[in-house]
Amino acid sequence: MTNKLIDKRTIFKIKDLNLWYGNDQALKGLNYDINEHDVTAIIGPSGCGKSTFIKTLNRMVELIPSVRTSGEILYNETNIFSKSFRVEELRTKVGMVFQKPNPFPKSIYENVVYGAKVHGIKNKSQLMEIAETSLRSAALWDEVKDRLNSNAYGLSGGQQQRLCIARCLAIQPEVLLMDEPTSALDPIATAKIEELIVELKKEYTIVIVTHSMQQAARISDETAFFLLGELIEAGNTKTIFTTPRDKRTEDYITGRFG
Amino acid sequence: MTNKLIDKRTIFKIKDLNLWYGNDQALKGLNYDINEHDVTAIIGPSGCGKSTFIKTLNRMVELIPSVRTSGEILYNETNIFSKSFRVEELRTKVGMVFQKPNPFPKSIYENVVYGAKVHGIKNKSQLMEIAETSLRSAALWDEVKDRLNSNAYGLSGGQQQRLCIARCLAIQPEVLLMDEPTSALDPIATAKIEELIVELKKEYTIVIVTHSMQQAARISDETAFFLLGELIEAGNTKTIFTTPRDKRTEDYITGRFG
Amino acid sequence: MEKVTGVREIIKNNFNSNKGRLMEKVMPKAFLLAASISIITTIGIAFTLVFDAYKFFSKVPFKDIFSTRLAPLASTPAFGILPLINGTIIIALIAMSVAIPVGLTSAIYLSEYASENIRRTLKPIMEVLAGIPTIVYGFFAYSFVTPLLMKAIPSLEAKNALSPGIVMGIMIIPLVASLSEDAMNSVPNSLREGALALGSTKLEVALKVIVPAGFSGIIASFVLGISRAVGETMIVAIASGSSKNFTFDITKSMQTMTAYIVEFTSGDAGSGTLGYYSLYAVGLLLFIFTLLMNLLAQYISKRYREEY
Amino acid sequence: GGNEEQTTTGNSEQQGQQEEQTTKLQGAVIVDGSGTVYPLMAHIAEEYMTTKEANVSVQVGRAGSSAGFKKFIPGELDFADASRAIKKEEVEQLEERGLKLGEDILEFKLALDGLTMVINKDNDWAKEMTAEEVVNMYLSGTYRADDKVLWSDIRPEWPKEEIKFYGPNENHGTYEFFWEVILGKQDIVKTANLQQEYPTLVDLVSRDKNAIAFFGFGYYVNNTDKLRAVKIDFGNGPVEPTLETIGEDLPYAGFTRPVFTYLNAQYASEKPQVLDFAKYVVSPQGAARLAGENGFAPLPAAQYQEYLKQLETIK
Amino acid sequence: MSYQIEDKGELKTLLNIETKKSNMTRRIILDRIARNIFLISTIFALLVLGILIYKIWVDSVGWLNFKFLTSNLSIFPHKAGIWGAIVGSFLLMAIVAPVTITLGVSTAVYLEEYAIKGKLQSLIKMNISNLAGVPSVIFGLLGLTVFARLLNLGSSILAGGLTMSLLVLPIVVVASQEAIRSVPSFLRDASYAMGATKWTTIRKVVLPVALPGILTGSILALSRAIGETAPLVVLGIPTLILRIPSSIMDNFTALPIQVYYWTLDAVLTREYANLAAATIVVLMLMLAIMNSTAIIIRNKFQKRY
């Protein structure tokens, strides 16, 4: 079903993934590879399991007690469900940005260095360096450099979302998962984030859930279309948007449902 | 603006009605007559003041503390805002059915006779007679006659709504106000209520708010179209739906907005 | 469609008769009257205390109460309040040093670690614990905890500050735990997820994100706990004795303000004597103190609510 | 506790004596005062209510002797119990209210208490002391200026360890008796640790080898497993305080004190139940019979007889 | 707009994979340890509850029997019973229940249905939450001064009951407010729309629907009142009282008072401690019954609409 270029390394290899919330199956027999340094867009109508899917990639989905999974997800060749793979380690490597910006009720600086502190860095100047680098990478440095110690809730929604991205970048993840990161933002803030994603792609592998076909087309290399928990079609974004192979994909892309 | 047939008696005469929620004006200079034994449909996009309008007719709107009104509403020639008109008396004569069925958490019987009891009727056999007649009028008697003493919450949504209608009828009002009475119901239950409305029209004056153009067309004699608190156009339903005079009415009816 | 005859007429007649209308006028007034009872109670308390405390202070100069000698019935009576304040504070401190760590950690466990089932079982048990009359805790302190502690600390006296302090702390645990848990629960889940997604352990989430975010509610629960500890009576009346010595030794008997009131009203002071009025002075102090604490708790939880 | 019940249920002789009163009495009798007297008074009250007048409610409190008088003087009580005699100031306060001791206020000795010196069970040297030694050791300055008295100061062969002095505090009639009668109103040692509560005293002495305390015999007999009573030598050899030795003409007389109750005679004449209870208290069924069970020695029967006569005059 | 991504190498050295890894184990172990400590600390409270109940039960064994429940007080442990205290506690409740429920529910109705949002309403609300925090001894002093001495009720059941009523009033008010607030407004609307007056609506719709919540709160308030000791001690309940009270003007004793005096007197007569324990068992059983009733009511009537 997938259609990869040969020179890219696979970072996530998903094999026969099934997921249940109690008795309701939300993901059905997924097989999919995600490549390094790609922006992979996950699209599909509401309730099709997009969020569930990306939350499975960093095992955040396990926070819901009723969740059960079967199948494998290989992250750099290791099964993330195996006992030896600690969930904290996975989440350090696979960062996540949420739909609604969720900065901590602390200062901007404290938000950015949170992860680094947690991971044991105590040196003040080192932390400052991390903060600056991450904020620069998230294209937020210039806007906040004079008020690093003010509360993060004073920022606008778009700034908050970039702060959350900076917070992720500060612990040097390899993958960034983004669940509709712009759906709570206005068009200008959205544009900024999209630009940022394109920029970040050089260094990170990005998986992004989006409701906006346009957004997927604009920023992603690969697109995967989900429907009712199934992966209907996936592949190069251009191909998917121009010549979808599945009727349902076409219907969805052309706005016939969803 | 209105266009009445000569032989019908006016039951509500609305003159220069303005209504404010705090500083927000929700009804703007309304002038409108409602005729006896008509079904008058109030239509318009969400937030245009439909509910506010019909809640003003029985002064239920006054339960919201911030509400202020100006202008007059004559009910059978008496201004309902005048001191001598007691609000309880008005509400007894002008019954109301709400969007979501709202039976009391009591038995079916107790629900129907609630109004009668409140208004001082104590005689058991008279109450039973009232219950039966009202339930019959609301086309519910056959369905519930064997379980009058079971809780009203055991009924289906459509039955509950008819129970609420029966509860209204029990105190023999002259007017029935209905605020989207079928919007919480499935199509079959909706059809039953619509049938009932057509039946009740013989005895009662009915004012009904609806979101469904089809419903308005099906059951009403007169239609009034509201927009942003203003009465844009009103008149014979057929006329409104076939040859609206106002561009905005036409746009709304043809589904161009709302 | 037939109609029951007469309904409209009956209703109309009833409207014209003025029944009901009277009720409509009277009831709100009756309810207001009932509601004002609570205000009258507060005024009553304030008045009672101030009135008799005034009588006390008109005989005992205000500065005399800042002494460490308290001997209300001695031939030369002395009304130094410092021993009572000292006893109250020390016992409250002991109580809070039990209640705060245990209460807070229980709250963290319940809010961050426990499964829904465990939470649902443990919370009602906490409620039971909170509902046990304090006299029972008093009995428990005196007849169980004190003898137990005596084995560990030979110098402990039969009546001492330590044992009631600890038991009072146990009594306050549910209060601190449940209020803190509420505060932590009201921290939005998105913050939890945000922290977990950064690879934090639950401990880090709890200590670095949840507790700081719910801090005001947690502090408010501490303040209420302190207020409870200061106002608690029966445990200290039974287990801490009534020594009026000014001491910091928690193995010795101490008296709190509440215990002083109980000791004296349970008979010692005939009405009209100076000792009798001294009760009200102590009561006034206690009242003002707990009032301030309660206001502080309300202020904290109101002021810092809805930060996120 | 040693006070097991031996109540006779019928008590026919009692009823026979009171035959002239056919009407059942009712109402309340309010008693308060000394905690030392409390067990005895409460016992009498209970007997009275269970075997004689079931409709009378005798309420016995134990605020302390001084506190009892403070309530008694303004008329809040029918009886004030005291483990010491009423003081001059208290009599004066009564007179200010127009009440004269002996007329409006009647004093009854209820029973006799032996002031008991208690020591730790492990104290095997001070089991016997002379009365003079006891007085001297408690007097401030007898042995040392700082009052840090060693056992060896009293008798050289005793250990060179500091004595820990304990006793009830000023709120208690027991202290007042000790200070006024035994110490002759001279200063008590500065190192004395005076406590409000008896449990604390019992506990302190039972855990400290070098402790000594004084309190009423009643508290001692209930704690004989924890404490040891010092035998006191009043000049005729050491005497152990027991019910047989405590009494004004008996060997322990030196440390014997009477305990009292004071009756408001006005109330007694106004309220028949008060008078009736007063009579019961001094009757053979009352204090005389129940003293022993509560750690007191009874007075000579003639004394009670005299009180009864005094009460007969009240109308 | 274009963003310059900083050289990542620099960051990599700051927070290299090795640091993360080596810390990871420590952090996870710490988390596990903390989890267990927190669990133990939660269980601690339960453990104490267990010990408390066990200890009191052991002390009461052999003393808690039919005779103990039905006999009158006595200074002799083997004769003593708590019938008088049981009757006293019940009579006390007979005052507290009607007084607090009437006052409490009325106050709640006023606050939720009649009061206009403003100074007076917030004053009353703040006042009630403050009253809830006033120590019970202070209520005792109020009772002593106002009911016992000023109104000359002495230490009668009436005085005790009124004092207790004021003490637990805030509990009933808050619970009733909660219950009334949770009555959905569409039920009120339905009633108003039929021409019912406000009072009728409250009486026929709001209060019946809020009843379970009100009852639960009232029972909890009563169970607080039945165990409160300090106000009664301050009122000056006599130590020994044999008469079984027959009217609310009589003096009385109550279960917690008996626990108090017996605990204090245990030094005089050791068996009093057993009596106290046995009385506690009775008291706790009463509380258990009351609380389970409250829970049953709460569960049975939970949300029907």
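Going by the order they are written in, the chains are A, B, C, D and E; count residues from 1 in each one.
Quick note on the criterion: a residue touches a chain if its C-beta (ideal position, glycine included) is under 8 Å from a C-beta of that chain, and two chains touch if they have at least 3 such contacts.
Source: prediction; values computed, not measured.
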item: Set of chains adjacent to chain B and to chain D; value: C, E
item: Lowest number of touching-chain links that must be crossed from chain A to chain D; value: 2
item: Topological distance between chain A and chain C, in contact steps; value: 1
item: Chain-chain pair with the highest tally of contacting C-beta pairs; value: C-E
item: Chain whose mean Cα position lies farthest from chain A; value: D
item: Chain B and chain E: spacing of chain centres that average the CA atoms, whole Å; value: 47
item: Whole-Å separation of chain centres (CA-atom averages), chain B against chain C; value: 53
item: Mean-CA-position distance for chain D and chain C (Å); value: 40
item: Overlap residues in chain E, where contacts from two or more other chains coincide; value: 27-28, 197, 200, 236, 266
item: Two or more partner chains touched - positions in chain D; value: 61-62, 199, 202
item: Contacts with two or more other chains, residues of chain A listed in rising order; value: 88-89, 92, 118-119, 171
item: All chain pairs that touch each other; value: A-C, A-E, B-C, B-E, C-D, C-E, D-E
item: Residues of chain D defined as touching chain E within the complex; value: 1, 3-5, 28, 30, 38-39, 42-43, 45-46, 49-50, 55, 57-62, 198-199, 202, 218-219, 222-223
item: Of chain E, residues touching chain B in the complex; value: 116-117, 184, 186-197, 200, 204-205, 208-209, 304-305
item: Complex interface listing, chain C residues touching chain B; value: 1-4, 6-8, 10-11, 14-15, 19-20
item: Chain D-touching residues of chain C, taken from the complex the two chains share; value: 71, 73-75, 154, 157-159, 241-244, 253, 263, 266-273, 275
item: Residue ranges of chain B touching chain C (in the complex, touch as defined); value: 86, 88-89, 92, 116, 119-121, 126, 129-130, 133, 136-137, 170-172, 199-200, 202-203
